[in-house]
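You will see two complexes here that share subunit A, one where it goes with subunit B and one where it goes with subunit C.
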Partner chain A sequence: MEAIKPKSLEEVLEYKYKYKNDAKIIAGGTDLIIKIRKGEENPKVILDISTIQELKGIRETLEYIDIGSATTFTKISECILLNKNLKGLKDAAKSVGSPQIRNRGTVGGNICNASPAADTVPPLLALDSILVLERKGRKREVYLKDFFKDKGRVDLGEDEILTRIKFKNLLKNQGLGFYKLGLRRALAISRLSFAVFLEIDEMNRIEIIRIASGAIGRFPMREYELEEYLTGRIINEDTLKEAESLLERIIFERLKGRQTAKFKSIAAKGVFKKALLNALYLCKGVNEFEKN
Partner chain B sequence: MNLKKIDVNINGKDYCLEVEENLRLIDLLRDKLHLTGTKEGCGEGECGACTVIMDGEIVNSCLVLAFQADKCRIITIEGIEDEIIKNSFIEEGAVQCGFCTPGMVLAAKSLLDKNLNPNEEEIREAISGNLCRCTGYNKIVSAIKKAASIKRGGDSE
Partner chain C sequence: MKKRGKGIACIFYGTGYGNGFPDVSRAYARLLKDGKVEISVGATEVGQGAKTVMVQIAAETLGLSDKDIVLINEDTSKTPDAGTAAASRQTYNTGNAVKIACENLREKILDEAVKLLGVNTKVGLHIKDGLIHVKSYPSRNVSLKEIAENNKELKAEGIFTAQTTQMDENGQGAPYWPYTFASCAVEVEVDTETGEVKILRAKHVLDVGRAVNPTLVEGQIDGGFAMGVGYALMEDIGLKEGRMTNGSFEKSIIPTSLDIPEIEKVLIEYP
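Right after this comes the complex of A and B.
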């Protein structure tokens, strides 16, 4: 194994062009080092991007919030640029591993490893994020929702790397909620998570809703059927009940034949509801359902 | 295996080292530099026994390759001169077998460097990446509370 620590993004792309799939990107290393030691990965070359400044940090442009792929979970959870309506993204970043893992692990690694349980991916999906992928001399953008091809497989060329993740900043009547079910508090791998992006009018009618689940499929994914059902409806107890039973059917169907199908399809209802109510709270500033 | 040249500052001392490319930071510390205060527990980032401070933040040294630490500042338990934290751990009985202690002390140090008045939840969160199989954590939490209180200028509680 050859270890290289490039000094700039340009150098990273140059090496990636030279070595293609023989070169594996390492940032936080919290997944890759374990895999290398277990013999599951045996890269000829590793390219360390953990100190490339161009790939670190969060900035706001005219239209987007823009996060560098080598930004750590700690930096995301502490970022003051991410306002309170984006709490769901911070909550997800805060729920990753432990302080030690969050200080090293990066959002780009979370996305590119394409683990079904990646914590920050459902909120980024619910934000309808766009990924910037770069190779030597070329840049392209894809929607995060189109990036996952299968468990552990993503739409990334052999000489390409993920450089930035961007999404539109939220308005006052929009909110991003997140909820995760894990086995223990620290270091819990997601057993189930939901992120909900919500935009409502004064009547609590859902103008836009985007829902993403984690750990219930081969990769984190949007729940389009549920989104379609909820769009245009007024949020009340009846709507929530209907949505929950629809979700239970969707999840049970997806996991049919697996031991976890029954548990997950029932648990999903509660996790989804919590994520939705978290989003509603951010839109309104109050939680009308908890009061009742 | 090629050797890779790195410059790294450990506990305030500059080192210019040649390391194997797949060598982990923990192996560099323990096997090459004989800084054996840093422990290896699980080797996969679950237990925190290998915690060190890297450029001001706690990390698991089993999940960092030594070459990645090029141009970085590392502090291990040997470099901690904070007698208040150490004494609080001893006085509160927060040390039993001692295996988790270096990691716990570094996690506590990292917390108290940023926050001198942490509440119980913040303390438990700060040490959530460190496993202890002896104390049941309560004595460790008390030790960190006590250290915070002394650092704030108060007496021990």
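Right after this comes the complex of A and C.
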């Protein structure tokens, strides 16, 4: 195995063009190194992008927030550019592994590994993020929601890499909520997670809602049926109850035949509700929603 | 919805191997030429504090400060057998062996002091801060260093055998001699919508006899509590047809510090 540390994005793309699928991208290495040790991966070449400045950091351009793919979870959870209405994204970044893993692991890796349990993917889906994919001499954009093809499989060419993730910054009456259910309070792989993007009017009527789930499908995904049901409704107890039973049916149907179907379809209701309420409190400008 | 519940439980726990199993700890104490005392003991430090406690016991027995004790432990080529670091036996069993070794060494040191001080008996001699005094005449003294220079071969052994008897064929009897009595109370909150369980608070009361080092005892309570939480709420090796399905720490979950509440601790030191 050969390790190459390119000095610029241009060089990375050059090497990726040369080696194609023989080259694996390494940034934090929190997944790849484990796979290599287990013998699940044995790439000819690893391309280290962890110090490529063009791929790191978070910036604001016009109405977009734009995150480099090699930005660590720690950087996301501490970024002052991400305002408090985006708390759900920070919460998700903070819920990844341990401080050591958050210092190494990157959002680009979280997306490209396409794990169903990837923590930052549901909030990025709820934000309707756009991915910037680059190959030598060409650049294209694709919606995150269209990026996942199957468990561990994404729409990424053999000479292509993910360079940036962008989404529209939130307005005052918008909020992003997140809730994750793990087997413990830290260092826990998600068993179930929800992210909710919400825009409401003064009457608490839902103008826009985007809901994304984690760990209850082959990859993190949008819950369109639930979004459709909730759009235009006023948030109150009846709406919530209806939405919850709809969600329970959807999840049970999706996981049918699996041991976890019953537990997950019931727990999903509670997790979704917490994510929705987190988003609602952010829309309303309430500082802190007491999670516990 | 969140529901709360409280629970309390009491146990007693026998220290040492018990049930008539030979339970012997050995220790050596030796006067070094600089007046410090070397303790050799097989006791293994596994985080319980054996290294600290053995030094404390030796220092107190000999009237020295902990800086004057040199501990050699764990190295089986140099130290006598002190049994396993298991069954909560090291502080009590091996601690007693260290104490006996130090008492034996003390007698030998005092025998030497009698000669050097020109007094007629050990009675009334007192070791403090590395000096041996005549109690009623403190300016009449000799240091441990002088004694070591005079006699390079001062050493002693301590053997402690724990009291233990075998139970009868019906499992009846008194298999242990020392016991620890403990009680624990917790308040727990369950989120009925997500299944999340949170321990809100916990209190532990332990009758430990004499706490040789109270901070270490509290540390053991913290660790023991966390292990209990793991057993009760998380740990599952997931045995399926004889194979573990949760065969790594990625899947076999134990609590982290964030899963453990502040634990209120009470030590009862009796007698």
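The rule is short, and it goes like this: the second predicted complex is superposed on the first by the 285 of 292 C-alpha atoms of A that agree within 3 Å, B and C clash if a C-alpha of one lies under 4 Å from a C-alpha of the other, contacts with A are read in each partner's own complex, and residues count from 1 in each chain.
Everything below uses one rule, namely that contacts are C-beta pairs under 8 Å (C-beta built on N, C-alpha and C of every residue); 3 or more make two chains touch, one makes a residue touch a chain.
Computed from a predicted structure; not experimentally measured.
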Inset, instruction - Scan A:I101 for contacts with subunit B and subunit C and give back first, second, both or neither. - result: first
Inset, instruction - May I ask you to name which of subunit B and subunit C touches more residues of subunit A? - result: B
Inset, instruction - Would you sort A:D48 into first (subunit B), second (subunit C), both or neither based on which partner it touches? - result: first
Inset, instruction - Look at A:K269 in the shared chain and tell me whether it touches subunit B only, subunit C only, both, or neither; answer first, second, both or neither. - result: second
Inset, instruction - Using the touch definition from the top, say if A:T260 reaches subunit B (first), subunit C (second), both or neither. - result: neither
Inset, instruction - In the overlay, answer first, second, both or neither for which of subunit B and subunit C A:T30 touches. - result: first
Inset, instruction - Using the superposition on chain A described above, determine whether A:N169 touches subunit B (first), subunit C (second), both, or neither. - result: neither
Inset, instruction - Across the two complexes, find the residues of subunit A that touch subunit B and also touch subunit C. - result: 185-187
Legend entry - Residue ranges of subunit C touching subunit A (in the complex, touch as defined): 191-196, 198, 234, 250, 253, 255-259
Inset, instruction - Would you tell me which residues of subunit A are touching subunit C in their complex? - result: 181, 183-189, 263, 267, 269-271, 273-274, 292
Legend entry - Contacting residues of subunit A [partner subunit B, same complex]: 1-3, 5, 26, 28-30, 33-34, 36-37, 46, 48, 50-51, 74, 97-101, 103-104, 185-187
Inset, instruction - Under the touch definition given earlier, write down the residues of subunit B that touch subunit A in their complex. - result: 1-2, 4, 21-22, 24, 43-46, 48, 51, 54, 57-60, 62-65, 67-68, 70-71, 107, 110, 125-126, 128-130
